[in-house]
Amino acid sequence: MGPQVRKQGPDHRVAVRCGDVEIGENSFTVIAGPCAIENLDQALLAAKLVEEAGAKVFRASLFKPRTSPYSFQGIGAEGVPILQAIKAETSLLVETEVLSLAHLELLHDHVDMLRVGARGMRNYELLKEVGKTQKPVILKRGMSATLEDFLFAAEYVLVNGNRNVVMCERGIRTFETYTRNTLDILAVPALKEMTHLPVIVDPSHSAGRSSLVGPASKAALAVGADGILIEVHPDPAAALSDGDQSLDPPAFLSLMGELRRLAVVMGKEV
Amino acid sequence: MGPQVRKQGPDHRVAVRCGDVEIGENSFTVIAGPCAIENLDQALLAAKLVEEAGAKVFRASLFKPRTSPYSFQGIGAEGVPILQAIKAETSLLVETEVLSLAHLELLHDHVDMLRVGARGMRNYELLKEVGKTQKPVILKRGMSATLEDFLFAAEYVLVNGNRNVVMCERGIRTFETYTRNTLDILAVPALKEMTHLPVIVDPSHSAGRSSLVGPASKAALAVGADGILIEVHPDPAAALSDGDQSLDPPAFLSLMGELRRLAVVMGKEV
Amino acid sequence: MGPQVRKQGPDHRVAVRCGDVEIGENSFTVIAGPCAIENLDQALLAAKLVEEAGAKVFRASLFKPRTSPYSFQGIGAEGVPILQAIKAETSLLVETEVLSLAHLELLHDHVDMLRVGARGMRNYELLKEVGKTQKPVILKRGMSATLEDFLFAAEYVLVNGNRNVVMCERGIRTFETYTRNTLDILAVPALKEMTHLPVIVDPSHSAGRSSLVGPASKAALAVGADGILIEVHPDPAAALSDGDQSLDPPAFLSLMGELRRLAVVMGKEV
Amino acid sequence: MGPQVRKQGPDHRVAVRCGDVEIGENSFTVIAGPCAIENLDQALLAAKLVEEAGAKVFRASLFKPRTSPYSFQGIGAEGVPILQAIKAETSLLVETEVLSLAHLELLHDHVDMLRVGARGMRNYELLKEVGKTQKPVILKRGMSATLEDFLFAAEYVLVNGNRNVVMCERGIRTFETYTRNTLDILAVPALKEMTHLPVIVDPSHSAGRSSLVGPASKAALAVGADGILIEVHPDPAAALSDGDQSLDPPAFLSLMGELRRLAVVMGKEV
């Protein structure tokens, strides 16, 4: 028996259910929110914007892995009540990043979906723990991970019992510096040749510039992705992290419209 | 005065005219043909397929820069009458690659459009010579060229007097090996932030696998490219070069239909 | 006040003391051992070889982060008595990799030196925990980490209170596939321009082939490194992991001799 | 029969003779000079420095391939009398770069050794022409060339009749930006496993900073290279190109001394 992550036939596709959302089933799922939860007001403002724009899942990061220890590390455990408030005051599902077993234990019961980020993709001990839950999880590609490495990382989750993995292309590190990372757009159809799992794209971390986030999102839809994980902020200029790559409310609303029109041609629904 | 390749304002865009085709003017130009001209029959068969599918420009390479000296190097000078036959028997414009001043002198009067390939992008002596003509030229990005390097290469053509340059993203070399190169799809909107020149995509050399050429072409259109340079072959399995990444006639016709539907949403015409 | 990892002047260098070994003080420290501890016999055989060859620190990995969950993951907690046996039967110091807080707690009291591997370099939660100990730690460069990223990772340890960090260049991921990684040999003098911390090289993981491990080790010494972390195995052909890049006993002894002769010219002692 | 560039046995090595110098025969050949010939005075000053330091071959570039058309492009054809003056007033052999057939025709009779640079490595038409001469040629690795690509480029020269090829590792393009390129030091022993041709290193273009040129040169010697191609300038601060990576006279003299001491241990002669 080969790895569980491999397709068993050309039409083998399995959607991942998260609440009432099915990622991968003729839908193009938009998971949107700020880079980081900063405080209750910012979070609720962002969540309502995301809800009104028609997205179903809210990106809600409490812990941020940052290159520098001097950068904002996230609001941490004190953000848990904020997650609860978002769930109370909106219809959104909530997604969050976990960096360690401690985070997983703290956040498991408060969120609908987990995320293992690019830096976490190589943290196999964490993947094993995530694999022991049944929570849907977005697994982001490591910045130097081949597709083979990426699939094996997913296998760490699957083989431990959790089959609800959504693969997320978010750009790889290359010599090009105009963009923050190089969005490997063909990773989407390539992964779909190899695995039955849904595949989404993070246009924000790949582009690193808000002006390129719209084109990246449209490319993701056109290339066959099952959704996007996108950063929107009520006021990007005031964001504590990643303001440069976050869409402001008008840009996000406009992009959602464009994606809806494009989705019709692609036989998908946003 | 800054480099001529730079935009002089946010709306500064200049189309490149090639015969009756305008690359960059609300159109999505499809330049299609086999990797290499092999003989008269193959060339005419391919050209008629391309014409019937509605493309306007025929890719017609006589000289092939190959990594190994033992690989097929192209039909060479004896292909000139084939170019003439294509122009006589179809309505297509003809585009070809030049690798040296000798090729440029030989082919200049027989083609409508020149191409400087990825390997030639760093051949500044060749770019200077191409700059002395008025022939439209597709300049492909070198496989390790930053966008800055790429724009400077175009500048070598512009500063020598030829303003008819079409930039072509064709994938960069990274650690990923599933695809032949990594298609840097965001290079398209990134270049359009920096230069007024049209930007097209080569889905074939980036993907390196025919199964990914369709998704790559659709991503190119969705991301805002002005066209594609695509490999189609009457019989890919028998191709003397790049058969793995060439579309066969049914796949090409089907893709053209998909692109037309997508173009409507993008406000472009194929 | 800038980051603690930065040099405060051109001659600012601080050695890291581990038992009676000073890494960075005109010495070229050889840390050697198998990729993984497999069983008591293999470990003792390897340790005695390493001791006889004149190395002072034994590489003794119980937990192995592997790309595939189906690869040998290390002997795990049951290897602790083996570490004790090595310390009882040889004069060697013992160094080991930790992948999580659980490993750190398990292994802290049984080893003289910790290692955070290339995959762990981005695990900032782990680095924070390592920073709360006073144990000397080898921090390996992530496979896509810039030197800036690498220094910031070290800063996570320093800022939490542990100043005993040894930086280890182990190759980066590039397009080249002949070697397992591309040894960035100039990272050594580059790091020494930026930080006061000692810098060593892992010739085994960079080369990925035993035939290149000797040249890599000599280059490390010539370029100014403070030591190497090198894989030696009593019987590489039978190794459970990384046999291809492990030196066998005669090759290791011969290399030690070469390094000693080279060290004299470089003003160092092996 | 396989490619001519391949070794026919483990001990198959062939030195390349250039005048009275044998590159590859237990010697470590130093080819030194400024990035570009600027004028007669600068050239003679540099040449005498190089001669006094004991190097045998003078790097004398008249044509410079530059990323920007606005950068200094070299002195060009008017530098030919300067080459003649250098040969008249010193005992040095002269080496120069050719970028095109026109350069090759102009310079062939005035120099002892040709160079095809990193950008030229993919210019197969040029390699074919160089292959038709009998002039020793330094072939530099392209910045995104795998070792396989690099060997095939050499094959273009060999198969056309010129067997006097010296391979030169000069760094590859990666994500790291502290150095200008990433010196792939293990390319040296790797190439020596595959080909009988001599292999040298360009420490200047890889490092891009004069402070790292010395360590790079010593690493080259320790790893088994047959020589270096190094930039020295009488007054780097006033250089028209690459001043940042050029050694000044005292640094070059000091490095030559260090290399001589290291060479003894490596069984070579500088």
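For reference, chains read A, B, C and D in written order, and residue numbers begin at 1 within each chain.
We take it that contacts are C-beta pairs under 8 Å (C-beta built on N, C-alpha and C of every residue); 3 or more make two chains touch, one makes a residue touch a chain.
Only a predicted model underlies this, so the values are computations on that prediction, with no experimental measurement involved.
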Open item on the list: Suppose a student superposes the Cα atoms of subunit A on subunit B; what rotation angle should they report, nearest 5 degrees?
Closed with: 180
Open item on the list: On a CA-centroid basis, which chain has its centre farthest from subunit A's?
Closed with: D
Task: Between A-D and A-C, the pair joined by more C-beta contacts - done: A-C
Open item on the list: Using Cα averages as centroids, what's the distance between subunit A and subunit C in whole Å?
Closed with: 35
TODO: Compute the distance, rounded to whole Å, between the mean C-alpha positions of subunit A and subunit D.
DONE: 48
Task: Junction residues of subunit B, two or more chains touched - done: 144, 148, 172-175, 177
Open item on the list: With touch defined as at the start, can you tell me which subunit B residues reach subunit D in the complex?
Closed with: 3, 65-70, 99-103, 119-120, 122-126, 142-144, 148-149, 152, 155-156, 159, 172-173
Open item on the list: Under the stated contact criterion, what part of subunit A meets subunit B in this complex?
Closed with: 144, 146-148, 172, 174-179, 182-190, 193, 206-207, 211-212, 215-216, 218-219, 221-224, 261-262, 264-266
- [ ] Would you pull the subunit D residues touching subunit A in the complex into a rising list?
- [x] 173-175, 177
